[in-house]
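In the part that follows, the structures are each spelled out as structure tokens.
The two complexes that follow have chain A in common; it is paired with chain B in the first and with chain C in the second.
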Partner chain A sequence: MRSSLRVRVFSAAVTLALALVLLDGLWHFFSWAIVHAIWSVPRGADGAPDTDLCRAAIGRGACWAVIGEKFRFILFGFYPHALQWRSAIVVALFVLLFALSLNPRFWRPALVAVWLAVLALVAVLMWGGVFGLEFVAADQWGGLPITLILATFGLALSFPLAILVALGRRASGLPVIRWIAVAYVELIRGVPLISLLFMASVMLPLFLPEGIDINKLLRAQLAFILFAGAYLAEVVRAGLQALPRGQQEAAAALGLSYWQATRLVVLPQALRHVIPMLVNTFIGFFKDTSLVLIIGIFDLMTTGRTATLEPRWQGFGNEVYLLLAAIYFAFCFAMARISRLLERRLNEPHLPIVEPA
Partner chain B sequence: MAVAALRPRALLWQALALGVVAGVIAVFSINASHHLAARHIATGFGFLSAAAPIPIGESLITYTPSVSTYGRALLIGVLNTLKVAIPGCLLATLLGTLIGIARLSPIALLARLAALYVELLRDLPLLLQLLFWYGVFQTLPAPRQAMRPLPGVFLSNRGLRVPDLVWQPGFTGVALALLGGIGLSFFLARRTALAPGLAVRLGAFLPVLLLPAATLALYRPAFRVDWPALHGFNFQGGASLSPEYAALLTGLVLYTTSYVAEIVRGGLAAVARGQWEAGAALGLPRGAVLRLVVLPQALRLIIPPLTSQYLNLVKNSSLAVAIGYQDLVSIADTTLNQTGQAIEGVALIMAVYLSISLTISLAMNFYNARLARQAG
Partner chain C sequence: MSGPAIRFEDVHKWYGRVHVLRGISLDVASGERVVLCGPSGSGKSTLLRCINRLETHEKGRIVVDGTELSDEPRALKAIRREVGMVFQSFNLFPHLSVLENCTLAPIRVRGLARGEAEARAMEYLARVRIPEQAGKYPAQLSGGQQQRVAIARALCMQPKIMLFDEPTSALDPEMVREVLDVMVELAESGMTMLAVTHEMGFARQVADRVVFMDQGEIVESGPPGEIFSAPRSPRLKSFLSQILHQH
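Now for the complex of A and B:
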């Protein structure tokens, strides 16, 4: 609009000041991360890396040698070294699955089958014990696959629960079911995730009959499903609310039963509408999996933290945290971008109407 | 609706749902009582009045390990949670508003930097950010080489030490007068916002200064400052913030700020440009348009999501346990490990957070309803 000379001088001054601060910061980072960085360290007589070179550079240059030494451990944890290709395939499978699911061209019922197949394949690859694959117990799993498993299985397995709860919350003739649904959602959303993880790790064993001992990872996964179910139920509810009442009534007029109408008319439209919101919620789950550090499960965050605690490599936490940040950021940023694109696409006026399932 | 609830099929479904929930609870409690009896673990909240051998680093109330009770230790946990949550919400609102406005700034570089901040901080797990800040506060120099950004202020790996004003009875009156002054000014400012003279508009803010000054003159409390000083390897005197607290507060505020900024930006952007222009056409100065026309409309969009961010901040403060700040979760975790009473411990954590969540929800709903009434 009107930009007087005074305003223009002011913006120029602010821009200049910001640019100077930014350049100074970038220069310091460049000097630390590239110019004075130590890329590898020599090995001592016993074959162990000698980190004196890095210690001398502390505060001046980054020690990327710690990444070179530790990155297999950070990515895959205590999974047997010779079998880590299986973990790598699992990560690749998840990335493929995400890419596929975020493309509207593949939004059809067959996608559910693809999800089930991929999740089964992940279980086979991680556990082994069949098809000549060596068995690997769940307490040896670690790193990025754990992070992806917790978030993805959490999403997939809590989804049916979330749909039931969301429908239950809107069931007008069934007050008891509505109360149960409301109590579940409000209780889970009112307490921190940590308390659910504590519940899974210390309380659940007390609740189960003698002799049944569920693995710690599985218990954390259960907590995640319970947690994700409540948040997803709210997302699904938003989709149901956005749908005009006429849809349900039209389906009823055609003689469809409640479940037929829900399955064929209501859900396909409601869910399509909330996919961007669903992706954002999933990004939240993906970040929240890091909390399992507190109950001692070796996800990406825990392996990274463990790597920084080894006496020889102590003091190089920032380098490891930068690697973790880069991995988390790559996943979250990509998904956030796609979610925003989808949002824009879905809000376009000439949305092609998809045929119901 | 009541009739539908009595239809046989509806009744059957509801009875089934209730039966499943009741059945799961029954099986769980039978198993739990069996396990607890086998392991000779007491049940109930009797442990709250037993002496707690938990060492607690920072506390707002007095506490002696092995003398004070578990109940008191847990109360300290609640207070420590509030001690980080309340300033956290205030700071995140302040910083988030600034960055949200910066994102709409006509200065391109400023808007870009604000966008970069939001994008970066939102896409990294909070726990990672907390571990990073904890590392930063730990690598500060030792007390002997402490940084002294201001005279009497020491920043070291033991945390932040600042001079402390020794509390006199008269100060409570001054603080109350300040609160009253702010309230009165708020009231007057709303009345005089459209007054023609600048002097009148500024005059509305006088009570903020006058009321505390008058109280001060009335009571004349003595000002005594407790200066921190280096004694041996650590500081004595003054008030201190532990590195754990500082890391938790910094991490929580910077993380939540990125969400608040988006909410503020969205709220301001949603108010149509025409509103600004209409206000200007009425001859209102820019500040008055923002305060009287744009903000009231934006706030209605901002308050509900902002409330859930406050709730998130309170819940996220439980990550304190990962960096060793003794909040409620951390102390309850120690308690349940020492007493073995896992069910009671987790139930306590959940009950406290649920009450905090409910209180914030109610307060914000009340405020929101008032706003909606004013606007409507």
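Now for the complex of A and C:
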């Protein structure tokens, strides 16, 4: 009894101490981010913002004015100013697409068609050159659309690739296919993503025939698809291995072809088993897109960093990086939510994952 | 077609260096009901699984419903359509409802319309006496109910031949009866059946012939009365005495 009382007093003391530390930290943050924050700065005689006010407040209050001045550049990079509405629509489309995919009511085969349509629309809006839209070369794209494009196209294309590779690794009668699948996974996994990106941006053009020039973004996108495909393939393979052999045999005995059995019996079960691992890989991959910084593609991370390089705004990186963190968090959190929803739904056997067509 | 439903001609199979089928020759006539028995590891499952080519054989010929088994995909497809199989471990598709389990192959392989496939599924679910479970998922059913669904699922393809691989050995004793009753009824309807089972009561009741296998060979075969009351080979005698001790 005495000792249990002592334990309780001790744990109460620890809880209290932790709460105080936490509160103190929160208060300091609140004081910096809200109470002493500078929300806007006056403009000098030349029309340029005068950041003296912010400089005076460094260390005491946040300078949110940098966000107000720079948010269009951070979000859209060097996309022509007058056409940035197109970039904005692209971001909105992606957000809408993710929101739609979050709702179990829409988990039906038609969602795949919606995804394809949105991805096509994104390409039209970004590039233009059709329907009277002015053409914008890919090296002018930047900011959030780049991050979302790299991640979304990357996942949408690497996932089917991963499934094919995982199936190929188990193709017992086709040693060549199995060998190619193994070599692909092991090669890509054994190399850092950064070196893959370098290879895609520097070496790939050397191997291409004269006159053919794939733009840098497309090359980076290719590197991402290959990279994510290898990791996802291993996750999918784990799901395939967890499936009892009897499932495939029962499907074959009923007369289903290999592809019918794979599509209707094997994959729906195998993928269910590995949803948390899949989403985990997706989230990691979303954040890894920021590595394109090193080959000079202006994704969200790069535009944010570039914004703080302007002499006038130097020293206000914290504010910009907080904004970037908030944006990355919002997207990753949404993916985590999808994962949780899916898992909950799968624990109720009477709820199908996908409504029958 | 007046040939046998299934014909094995000197069939051999190896797993690596293990010789598991050693010269099997066996005819099963159309409408005949054959029970296959023998000690564990004697090759009964392997023999059964060669018939719909879940396993391949290395030597000899297997002819099913007039078509010889080979790597030719069209022949294989034709044979699998006509041969239904029931496994020891049920192998229902857990992500599909009972009704969907039963309509999947008729729709995808036979090309039936959904309505037609569902009507047929309900008919066979009624025959195995669980029409009220059509909307449930396999995990919500007992073992006996799952095995009856598996039988209905195979029957929905309206096969000419049904294969059973120890359909009751994974079941709790109180559920064996309900599955055997369904199998007896099916046997009496004139279906060609090849069943691996140690349920001697079932064999006596419906089998036209009992085939005894040991170490990859057919040792003895004949009507159930003869096999059970007047075994000739010592191997069959010792097998029967073991079975009787168990029961």
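One rule holds for everything that comes next: the second predicted complex is superposed on the first by the 330 of 357 C-alpha atoms of A that agree within 3 Å, B and C clash if a C-alpha of one lies under 4 Å from a C-alpha of the other, contacts with A are read in each partner's own complex, and residues count from 1 in each chain.
Here, a residue touches a chain if its C-beta (ideal position, glycine included) is under 8 Å from a C-beta of that chain, and two chains touch if they have at least 3 such contacts.
Just so it is clear, the model here is predicted, and its values are computed rather than measured.
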After lining up the shared chain so the two structures overlap, which partner does A:Gly317 touch, if you call chain B first and chain C second: first, second, both or neither?
first
Would you sort A:Val165 into first (chain B), second (chain C), both or neither based on which partner it touches?
neither
If you stack the two complexes on chain A, which partner ends up touching A:Gln269: first (chain B), second (chain C), both, or neither?
second
In the superposed arrangement, does A:Gly246 touch chain B (first), chain C (second), both or neither?
second
Does chain C touch more residues of chain A than chain B does, or is it the other way round?
B
Should A:Met203 be classified as contacting the first partner (chain B), the second (chain C), both, or neither?
first
With the two structures laid over each other on chain A, which partner does A:Ile74 touch: chain B (first), chain C (second), both, or neither?
neither
Doubly contacted chain A residues - partners chain C and chain B:
none
Where on chain B does chain A make contact in their complex?
1, 4-5, 7, 10, 13-15, 17-18, 21, 27-28, 31-32, 34-36, 106-110, 113, 119-120, 122-128, 131-132, 135, 311, 315-316, 318-319, 321-322, 329, 333, 336, 342-343, 345-346, 349-350, 353-354, 357-358
Help me check something: in the complex, which residues belonging to chain C touch chain A?
52, 54, 77, 80-81, 83-85, 87, 89, 91-95, 104-105, 108-109, 136-137, 139-140, 153-154, 157
Touch list for chain A against partner chain B, complex:
3, 11, 14-15, 18-19, 22, 172-177, 180, 187, 189-195, 198-199, 202-203, 205-210, 283, 287-288, 290-291, 293-294, 301, 305, 317-318, 321, 324-325, 328-329, 332-333, 336
Of all residues in chain A, those that touch chain C in their complex
244, 246-247, 249-257, 260, 264-265, 268-269, 272, 349-350, 352-353
